[in-house]
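Structures follow.
You will see subunit A twice below: alongside subunit B first, and alongside subunit C after that.
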Partner chain A sequence: MSLILETLVGFFSVQVLFALLAGVAVGIIGGGLPGISPSMTIALLLPISLYLPTTVAIALLMGAYQGAMFGGSVSAILINTPGTASAAATTLDGYKMALNGQAGKALLMALYASCTGGIIGTIILLAMAKPLSAVTLKFGPPEYFGLMLLSLALIAGISGRSLLKGIISASIGLLFATVGMDPIYGSKRFTFGNINLGDGIQTLSIFIGLFALAEVLSQLSKGKADLYQKPSTLTVNDKLSFAEYWSQKSNMIISGVMGALIGVLPGIGGSTACFVAYAEAQRRSKHPEKFGTGIIDGVAAPEAANNAVCGGALVPMLTLGIPGDVVTAILVGALIAHGIKPGPLLFIDDIGSVYKVYIALLLSVVGLLIIGRLGIPVFSKIVKLRKAVLLPLIFIICVVGTYSSRANLFDTMMMVGFGALGFILNKNGFPIPPMVIAFVIGTQLETSLRQSLLLSGNNPAIFFTRPISCVLIVGAIVFAAFMVRRNRKMGNKEIVVINDAGEEEVV
Partner chain B sequence: MKRSVFTRATALVFALVLALAGCASGGAPASSPAADVPQSQEAAPAQSQEASALPATDFPTKPVEIVVGFSAGGGTHLAAELLTPEAPNFLGQPIQITCKPGAGGAVGATAVATSKADGYTLLYATMSLPISLYMDSVDFSADDFVGVALASDVAPALAVRADAPFDTAEELVEYTKAHPGEFSWGHPGVGSTLHVLGANMLFAMDIVNDVTEIPFAGTSESISAVLGGHIGGAVCFPASLTEQVKAGELKIIGVSSPERIADLPDAPTFIEQGYNATLTSTRGIFAPADTPPEVLAVLDQAFEKIITSEDYARRGETLGEPPVYANAADFDKMYREQCEMIEKLLKEIGLID
Partner chain C sequence: MKKVYSDLRSGILLFVISLLMYFVLIPAQISVKAGKNLAADFFPKLTVIVFGLCGLLLAVTSAYDLYRRREQAAKERAQGLWKTNYKAFLPHAIFLVSAIVYLMLMQYLGFVLSSIPFLIFLLWHFGSPSWGKNLVIAAVYVPIVYLIFSYGFRIRFPMGPLGF
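Presenting the complex of A and B:
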């Protein structure tokens, strides 16, 4: 106990607190700019951190980690461009809120949910790091497959009004996920001899194209008058009341716990966690039909989840020395450079360093709250721009963002292609989220399926003889059946739209 | 009116920041060497001291770009960043690292192979360069590059769970011969350096056809699968194994290296157990083949000073990089030999026809 207090006292110096706040600020900016991923932001800070005392360095990096997770939501909400992969789910309701004149409210909700999620993730890390690391190891290829299948089933709920169109959209997403190197044989699939497709289609090109550019195109298609109109956003209530925040408490706690638990598993990543949290919030909700129209529930769920992922991802990193994603891989490097060796011995030999990480993570939530509150009024000015000014800016962001992540113009071209595809799909009532999610999950789903079959000598029984994977797969089937039933019910309300041929059609 | 000015200013700043970010990350976390090390103009490059036979050159007059074919923040990128702090002192110009990841490094290699051969665009490549020559349909050949300097040399190891029923390479061979197909091993992707190095170990033990190979997305996933008992073993670099070995969770069957390595002093090499697997993973700097000899001479001298500097060794140690160096002539020879050997190896272990 005295060691914890001693470590805590070590944090209350000007340098440490400054590093913490600076880390958060850099993180928010890096996370907010598409193409500068959280891992790149932290890679940028790494050389500086090597010259700093250990506590200061840990504060800087943890601050940046939490900051980047929130930063992605800023651009997701304001310009429908997920700044990080983890913020893709936030665009679904966040951007709609901004369109409804509630950008400030959406940003505040995202900030508070991020902070709440950050605390939940840290508590889970604090309380359960050791037992959770044992659970991590229980997850082999068949369990990963079960989990991915369950995620896919849950996410089918976001398919919107037409299950059929949702399934078509998801199938296209799965198809895109097969592009690139075959995960088992290494042969090239659908690359057309183009080396730039060797690693498959870049997630960033898909995200930015389908969300941001498609939205720019559909705004442009609304005609010239709309572009020059002065935005009239000042009439709506743009504040978030405490009652509204409090109404999300169970949503944030459940989403946060889900985010942290998914974060514990190496290699799954924040964007899956956020989509699952979003889909689960919609499934639980009393008014699921309002999701996607711009409600705070749809912002709170993914934002609580993605900051909780931070705490979760640190579990295998600290206890096993196994980084679950690129960010934690860089953090391992930074810790080792400071003489802290993550791994099974860390908790025995060097518990003081573990406390340093815990405290830095917790304090960075406070830092996020402060910097976020200061930044939000500035960020939300963006929505007061006329579209004639804003849309070209977004287009520049799309181009620069997709180029900068791999310094490759091919990714930008792909983004433009996906923008056009997204525009066409939108026009024809095909929902975009199932495609994006299927794409994100597809690679892991296929890889774990085939790894499992390699292990079992092509015997599918492996999925059912192992308890965890069996439960997950059965769960997936139950959820899928539930979704189909609910979709039928919603379908009975008969929403009539005019289709392209000018006929009335029941969707 | 004031409000609208402010709005426009915000928009402008936002756009500027983005444009800057784009440029900055094009030069990837180049960590602005200028900020780390004061630009010392007096320490002019030491060209034309020995290279009297070569025409005089004022190279370099602008920053030199080094392309890394792997993601920013990854091991290869961080190792390449070791070159930047001392560059202004010894090269006379900063080095800028650009990450162009994709296709196991082949995207970055293609960019350098097709760039202007003036010494301002170099490649920092791993053994995946010779591997991609034979395993991928790439648009460059071995002769498109010349070696400039060896910067890193790391030995891979085969690790298994501590409770595995075998302790040595010989026992593993006996076990696999008795239970064909039962021992599964993981590596971070088909055609990755560790895949080829691992296949080489199993080939040397003559059990490559009696084991099951499971590709993973990365080293973390494969170590995690070994610890959880889902697969039998994994081929990794020592940096990701040492803590688990110390904690008694994993044990090392063998290290592919001519001699025992500092990180795992108790782990036997394959060669001392009688299996001929000594292949290690080298990393180094390459230039396009048509780069003028006088420019190459400047680079050769500069990289010798950078890589053998104390600062480089000190920083490299934190990344688990043992101090190694070979000059342009030796490294180029090493590279040609490696190309030949890897083609032969890939054919022998059945990865290519």
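Presenting the complex of A and C:
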């Protein structure tokens, strides 16, 4: 108890609170700008966080995480374009409310629902993390291997339309993870005689390249005219009453719990949670026909769910060291850089760091309330920024951010290379999340595989003679079979895509 | 059908890359002492096998799909619908080449002197038409970024002839 209080007191310093609020503000702006994803926002903050004390860094990143999840609703409501995939369901009723002259009400409902969902997500994290960490203490190398294999299968299968492309993407990530030193024998691998690759590929180069720069390149495909266009937004002068907010309490609680539990599952994030919550809210509603016409229920449900995902996604990250989504994959990198190794031993060796994450997540909800409430009129103006100006500015930050970790231009060159790779892979339908998550867990996956085989004398039966490991690996195979069946069914349907020239094409 | 053809090309390319990696790159880049159990090349080779097999499977399934719908495929090919519009990627190529040149020049000119002209060019390239406005944006933004990162976070940027 004294450690909790001590950690809490550590958060009440000017530097930490400033970082928290700044993180929330940057997160809202990043999440609010279409084309700038939460993962891109967090990736760009990552190099800054490396120079900050641990508590300050955690406050900054957690604030940005919560802020970005809410931020997507700003553009979803004002310009009918979700700033993040997690806000896609918010457009359905949010924009309609804006057209009906209720933009301010919709934004405030989104904000308060996000805060409520954020609290619920934190409660789920507090309830699940410690018990799960106790179970995972019994995990040995075979169990870890099985769990990571299941995570990769889930992420590879869900990230795109093709499990095969997801697996290819994941294997590319695993190959990148092998660059540097072999974790068992210490031999050099794929360094090409370059001293800069001796420690492996710089994490920032991959994150910023694949998320930020690849997105900048994708946006360039839209053409100069489109990028220079200024989106028109609506005014935000109307208010939300306490009675209107309170009328949504059961909607927000149920959606929040659903969002948090969905967030716990690796590979399934805010975009799934928001639609599941929206559909469930419509099903429970006494007036389901009103959904889609501009009602606050349709804003409260997805927003509560997508912010609750933050807490849920931190459960596998903290207890197992396995990121639940791409944002937590970046957070894993940040924590490791600060000497905090996520996993079950974290709850024994460094419980103080766990409390820091809990408290940061809780305080970030408060920060979100403050910054969101004050900043809505400002954020609604920022959403109007032309991409033709914004994207080049972001690229300079990408260069500076990547350079800053080792003061090495080689890392920035790698970032450009990964940006190009990410763009090419995206264009050909290969999803990026499996690659990033495979890169993050690659060394651990390899180590657990080789340790298991060394323990068993090269006998792969070890993975099937231990019950937990067997269940996890069979689960991965069953899931893969399910995804193949799903893809076969979907393969018979025509899909309309936009080709390189910007024209619609049926495939 | 164009997407299926693209998958076929991707699958073949990935399979060829996996063969090159397995037989050329891995032996060249990973030295393995004789007698070592589960040596340093074990996991890369395993991953490349998975990668190659998936690439081959992608190529085979795409080829089969094209064969099944060969009449439609032939028609679309005759109409030239499968041609990739490489001109559409010219802006991206210009951006990437200019970014590489910018980074190479940064070590000689320093961060500020290289970033301001590059940002002016980039703003124009992304569609901001006014050179004057771009100059103002670059002249304000780059020094601010430099000051924040060099004094706030103690980052040592490449020094140019002017010392910054």
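One rule holds for everything that comes next: the second predicted complex is superposed on the first by the 269 of 507 C-alpha atoms of A that agree within 3 Å, B and C clash if a C-alpha of one lies under 4 Å from a C-alpha of the other, contacts with A are read in each partner's own complex, and residues count from 1 in each chain.
By definition in this document, contacts are C-beta pairs under 8 Å (C-beta built on N, C-alpha and C of every residue); 3 or more make two chains touch, one makes a residue touch a chain.
Since this is a predicted model, take the numbers as computed values, not measurements.
K.L.:
Just to be sure I read the superposition right, which of the two partners does A:Lys138 touch: subunit B = first, subunit C = second, or both, or neither?
P.N.:
A:Lys138 contacts subunit B only, not subunit C.
K.L.:
Report for A:Leu3: first if it touches subunit B alone, second if subunit C alone, otherwise both or neither.
P.N.:
So A:Leu3 meets neither subunit B nor subunit C here.
K.L.:
May I ask you to decide whether A:Pro323 touches subunit B, subunit C, both, or neither, giving the answer as first, second, both or neither?
P.N.:
In the superposition, A:Pro323 contacts subunit B only.
K.L.:
Taking the superposition as given, does A:Tyr228 touch the first partner, subunit B, the second, subunit C, both, or neither?
P.N.:
Only subunit C is touched by A:Tyr228; subunit B is not.
K.L.:
If you stack the two complexes on chain A, which partner ends up touching A:Lys387: first (subunit B), second (subunit C), both, or neither?
P.N.:
In the superposition, A:Lys387 contacts subunit C only.
K.L.:
Touch check for A:Leu454: first (subunit B), second (subunit C), both, or neither?
P.N.:
both
K.L.:
When the two structures are overlaid on chain A, which partner does A:Ile184 contact: first (subunit B), second (subunit C), both, or neither?
P.N.:
A:Ile184 sits against subunit B and subunit C alike.
K.L.:
Applying the document's definition of touch, where does A:Tyr403 land relative to subunit B and subunit C: first, second, both, or neither?
P.N.:
In the superposed model, A:Tyr403 contacts both subunit B and subunit C.
K.L.:
Can A:Ala420 be said to touch subunit B (first), subunit C (second), both, or neither?
P.N.:
second
K.L.:
Can you list the residues of subunit A that touch subunit B in one structure and subunit C in the other?
P.N.:
Correct list for subunit A: 48, 182, 184-185, 188, 389, 393, 396-397, 400, 403-404, 407, 454.
K.L.:
For the complex, which residues does subunit A have touching subunit B?
P.N.:
Touch residues, subunit A against subunit B: 29, 33, 35-36, 39-40, 42-44, 46-48, 50, 136-141, 181-186, 188, 193, 195-196, 198-199, 266-267, 316, 320-324, 326-327, 329-330, 333, 336-337, 341-346, 378, 381-382, 384-385, 389-390, 393, 396-397, 400-401, 403-408, 444, 447, 451, 454-455, 457.
K.L.:
Residues of subunit A touching subunit C in their complex?
P.N.:
Those residues of subunit A that touch subunit C are 48, 51, 164-165, 167-168, 171-172, 174-175, 178, 182, 184-185, 187-192, 217, 220-221, 223-228, 386-389, 391-393, 395-397, 399-400, 403-404, 407, 409, 412-413, 416, 419-420, 423, 428-430, 446, 449-450, 453-454, 458, 497, 499-501, 505, 507.
K.L.:
Where on subunit C is subunit A touching in the complex?
P.N.:
Listed in rising order, the residues of subunit C that touch subunit A are 1-4, 6-7, 10, 14, 21, 25, 29-32, 36-44, 47-48, 50-51, 54-55, 57-58, 61, 81, 84-85, 88-89, 91-92, 95-96, 99-100, 103, 106-107, 115, 119, 122-123, 125-129, 137, 141-142, 145, 149, 153-158.
K.L.:
Considering the complex alone, what residue numbers of subunit B touch subunit A?
P.N.:
Subunit B residues touching subunit A: 3, 6-8, 10-11, 14-15, 17-19, 21-22, 25-26, 28-29, 31, 36, 71-74, 77-78, 81, 98-104, 106-107, 110, 135-139, 181, 184, 189-191, 212-218, 220-221, 223-225, 227-231, 239-240, 242-244, 246-247, 249, 315, 318-320.
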